[in-house]
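Quick heads-up: structures coming right below.
What follows is a pair of complexes built around chain A, which joins chain B in one and chain C in the other.
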Partner chain A sequence: MTRSGAWKSVMNVLMFSLTGLCTLFTIGTLLFILGYLVSHGASALNWAFFTKLPVPVGEIGGGMANAIVGSAKVLLLATLIGVPIGFLGGVYLNEYAGAAAAFVIRYATDLLNGVPSIVIGIVVYTLVVHPMGHFSTVSGGVALGIMMIPIAVRSTEEFLHAVPNSLREAATALGASKWKTIVTVVVPAAITGIITGTMLDLARVAGETAPLLFTALNNQFWSAGWSHPTATLPVMIFAYAIAPYDDWHRQAWAAGFVLLMFVLAINITARFILSRASYAPRGMV
Partner chain B sequence: MDPSSGDLAKAVDARTPLPGNHSPADTPGGIGSDQMKVQTMKLKASNVNFFYGGFHALHEINLQFSANKITALIGPSGCGKSTFLRSLNRLHETIRGARLEGTIVLDNENILAMNASALRRRVGMVFQRPNPFPKSIFDNIAYGPEINGMGNHQHVAELVEQSLIRAALWEEVKDKLHQSAYGLSGGQQQRLCIARALAVNPEVLLLDEPCSALDPIGTAKIEELLFTLKDQCTIVIVTHNMQQAARVADYTGFFLMGKLIEFDDTKKIYTTPGKKETEDYITGRFG
Partner chain C sequence: MATYPSTANSRALPPGGRARSFLRRGQVGEDVAYLVTLVAAATIFLITSLIFYELFVQSAVSRQKFGFHFLFTQTWDPIAGNFGALPFIYGTVVTAALSLLIAIPQGLGSAIFLAELAPRRVSDSLTFLIELLAAVPSVIYGLLGIFILVPFLQARVVPVLKAVFGFLPIFQGVFYGVSYFSAGVVLSVMIMPFIVSVSREVLLAVPKDQREASLALGGSRWQTTWHVVVPYALKGIMGSIFLALARALGETMAVTMVIGNTPQIKASLLAPGYSIAAVIANEFTEAVGSLYISSLIELGLVLFVVTFIINGLARLMIMAASRGGAHS
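This part shows the complex of A and B:
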């Protein structure tokens, strides 16, 4: 009796410590990465980093203005492609699909979400880059746009699902047709959540590198246009980190820091907006 | 709140007596033939059967609703009274697997053959829990007129004011029309929902236990409101509260296990019910 009691209390302490340590490790990892980025990249982080082009090998200084603008263009295009498709798909999934169809759509969406990003890169390379004959900003946007679709579908579905059915009934009982109910009541009630979902989706693909390696490629100069290769922050980090120059390494760290800050800022803003939403699923705020 | 038939009878006695009584067994229409001569039937359900998938929820319901009267549908939970109410504006069609058989006629027009939106504009509904849209008070009321294309902005604004006056809410909200409807109390929200339903000028107003989420003061205000509204439309109210049915309704129908057991003048139902089940229910022996 006492032996088993002692055993129980040892196990209790052990499990408590183990789970606690793993939690600490999780939080610690984020803090460690942040600290590491700051300590290695802070010295290269200056005004020039945001305004200047990369300098030729051997020169010290320069910046990544072209990569920042390039990332912005690629992400803008990705949003324009991924969000409308994902949003309307999510509306279909929650408002129109029957139980069996919904199961299939959800399953397919989750599988698409699980497709390795490099595979999406190859597909876009074959379908867009190859026919165009060269790497381009557009193809990078298409690749990231495809990656945004599954999350946009599922987050739209989740936020629409959180809108109480009583609101749909109220609109229907006033003579609103199904699509009118969706457009005038359901989507407006969920729009804050849908927007934040989109922001988080954007934050997720912002750091994707693999699909950009053979779509947007890279560029040491300003991109000549949407149909030409462009530098992006993630690819620039890759290129600078494997180069044998200390100054480039520092700039790679700085770029990593900027990217992380961008992602964190989007996350925090999104969660702030979400906390003020009318209807949100539990656990999202 | 243990209802006794004595209290209920008193509540009924306070009201003007109504013409002759018959049980539904005597006349398939539900209401005695002598009444039919003097009253216009607004809505008439014949041989209504209702199914949720394989579940037979309503059996051969025959019921008529007199114009400009209040009819209450009472019965224990799950007896089918709400299901029946929702079939009167075809709201059941939004539920997958729900199926209605029989005919329901609104002013000699089969509602099953009508355009659903047009029907619901004529047969408004108020729900169990107040369900205002997450919009301003004004936009809540303006919603119906706007989606139904009832005139310009000026006209809609007039309809909003009229509807709020009709729902006895105008004085309380006239200075905050552009604030969120969620800032109102539960009782005010429910009157807002009534105003929202009234804004499209429905001929019939269906209320599905409209007071079940309200306190006694909120309930009293809604009941008072129903009396003033019955000149303007035909009212059908589903309620769990038998005193409420006794206070507000001209006619009462008693549902049990998907069947209409008895339909008659409210006074008759509460004083000398024709069926044993009705008596058992209103004297609180079950349900």
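This part shows the complex of A and C:
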């Protein structure tokens, strides 16, 4: 082998080993995050975390029951707002829209997806919180609902797109009108994918903190209702992490653990369901 | 748009008897279905426009008072009513640049490994794991940043950096832990999955004959990868980097928790700073007076416009790279 040939194979081995090292390091980061949160968060977790209210500064113990309920309420509202708009918009994109309309809507969706979450918070503040006069659970739901729209649109569109046209033609041949075809044939064929898309969407906004800071705000007690501020898990983690008390840090780890497990469980379940969906777009499975 | 064969019950059909009312009913359903989905789609467009409109209108007070000086002024003095965005823009740019400096080599390296070397099944499962990193909420990155990364940097990394590169102005001064540097490192982990997963896709999309041609000419596998496959996929890789950049610029919670929240401009990466998203997060609920609030909203407008441009560029590049590939 010539000298340059040897150099070539040394470079070959060296560079590919480096890329392997990069991958190892990236995967290692994930495993470290998981491992640390499980070991540190799970040990900080106790029954009181799920059943008790936060206690005043200086007292040890208490839990985040109000934040768990608050998060559930905000997420429920977000789903009710974001998913119908996103789903119907996705149906329009794939089944009705002409090229120009599709371009405009798709572009708007991508743009909305790229808006930093803190900016969504500002806008919901000026549109909902300011006119209402106070921070509220509803405004938090609106903020997260807006954030859910783009992914709902994209996943609906992609899964509808994966439904073969022969199904539409068959339904039409049997005399079904276009909307009947969509409602009874096309959407049911894609429903598994659309539901998993919604689950992933929910997991994504479940951890959002920034848009809740000045919409749902925070609350040390049970929220007085939909039009009042509420605690949520992500905001509690933030508030407890930056506070100077050890017991609050412990609770922040516990909350982080609960939140992360929720998000990862949804992600892994969705991936599992998707791998069995009958019509799935390429790249999603 | 999915194509439908022209249907039997269009308005042109001759009406008659029971069939007529059936057809009419079908037509009404048709119109309702069309309208409902159209309204939903239009709502998306309206919401997006409304975000820009609100930011623009609500920042009017600040825009009229400061004009473009807002972007180039260093003072941030809520008491005197003097607001300039420069320290925040500086902090945002520095942390995002630092995160790219770390994430690009590592992310691209991982993408090359996953696309070129790893068997497809292994590559798919590893990519899934890396994509899980993107699912971790940013507040959890902040939590890990405060309690794990900052102490680690303080004890292990920064002393070494100072010993080796201490003569450089970017590594001088006292390191309190919270700093541009810590924020950049946290951001690099957060944007890594975007670079890896998109770059891997575009690398996998490079046609096989490109590789075969290079190998047939006597190129080694690495030479083929570096001189043929990567340049071929460069547009898509750049797209993934811009996508990651937009993410890094807009990231709020993790940065707020580790950047130090001090409105100053320091050459040293080890000094505490501030970012646009962080100052909005910290000060918005406490801001009093229309000038203060509208200055914060103008910061939001700046962030919105910048991420809009960068996302647009990213999308164009990825579209150009996957031309002829899978749909969308």
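To be clear about the criterion, the second predicted complex is superposed on the first by the 280 of 285 C-alpha atoms of A that agree within 3 Å, B and C clash if a C-alpha of one lies under 4 Å from a C-alpha of the other, contacts with A are read in each partner's own complex, and residues count from 1 in each chain.
Throughout what follows, a contact is a pair of C-beta atoms (placed from the backbone, for glycine too) under 8 Å apart; a residue touches a chain by one contact, two chains touch by 3 or more.
Computed from a predicted model, the values in this text were never measured in an experiment.
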Contacts of A:T51 with chain B and chain C, given as first, second, both or neither: neither
Contacts of A:G98 with chain B and chain C, given as first, second, both or neither: both
Touched partner set for A:S275, first chain B, second chain C, both or neither: neither
Partner chain(s) touched by A:A252 [first = chain B, second = chain C, both, neither]: second
Chain B versus chain C as contact partner of A:L37, first or second or both or neither: second
Contacts of A:T172 with chain B and chain C, given as first, second, both or neither: both
Partner, of chain C and chain B, that touches more residues belonging to chain A: C
Which of chain B and chain C A:T184 touches, first, second, both or neither: first
Interface residues of chain A shared between complexes with chain B and chain C: 98, 168-169, 172-173, 175, 177, 180
Footprint of chain C on chain A - complex, ascending: 8-9, 11-12, 15-16, 18-23, 25-27, 29-30, 33, 36-37, 84-89, 91-99, 101-102, 104-105, 108-112, 114-123, 125-127, 146, 149-150, 153, 157-158, 160-161, 163, 165, 168-169, 172-173, 175, 177-183, 186, 203-204, 206-210, 213-214, 217, 234, 237-238, 241-242, 249, 252-253, 256, 259-260, 263-264, 267, 271, 281-283
Residue numbers on chain C that touch chain A, as the complex places them: 1-5, 7-9, 26-27, 29-30, 32-34, 36-41, 43-45, 47-51, 54-55, 58, 105-110, 112-114, 116-118, 126, 128-130, 132-133, 135-140, 142-144, 146-148, 189, 192, 196, 201, 220-223, 225-226, 246, 249-253, 257, 277, 280-281, 284-285, 296-297, 300, 303-304, 307-308, 311-312, 315, 326-328
Contacting residues of chain B [partner chain A, same complex]: 89, 91, 94, 96, 117-118, 120-121, 124-125, 127, 129, 131-135, 143-144, 147-148, 193, 196-197, 200
Footprint of chain B on chain A - complex, ascending: 98, 164, 166-177, 180, 184-185, 188-189, 278-279
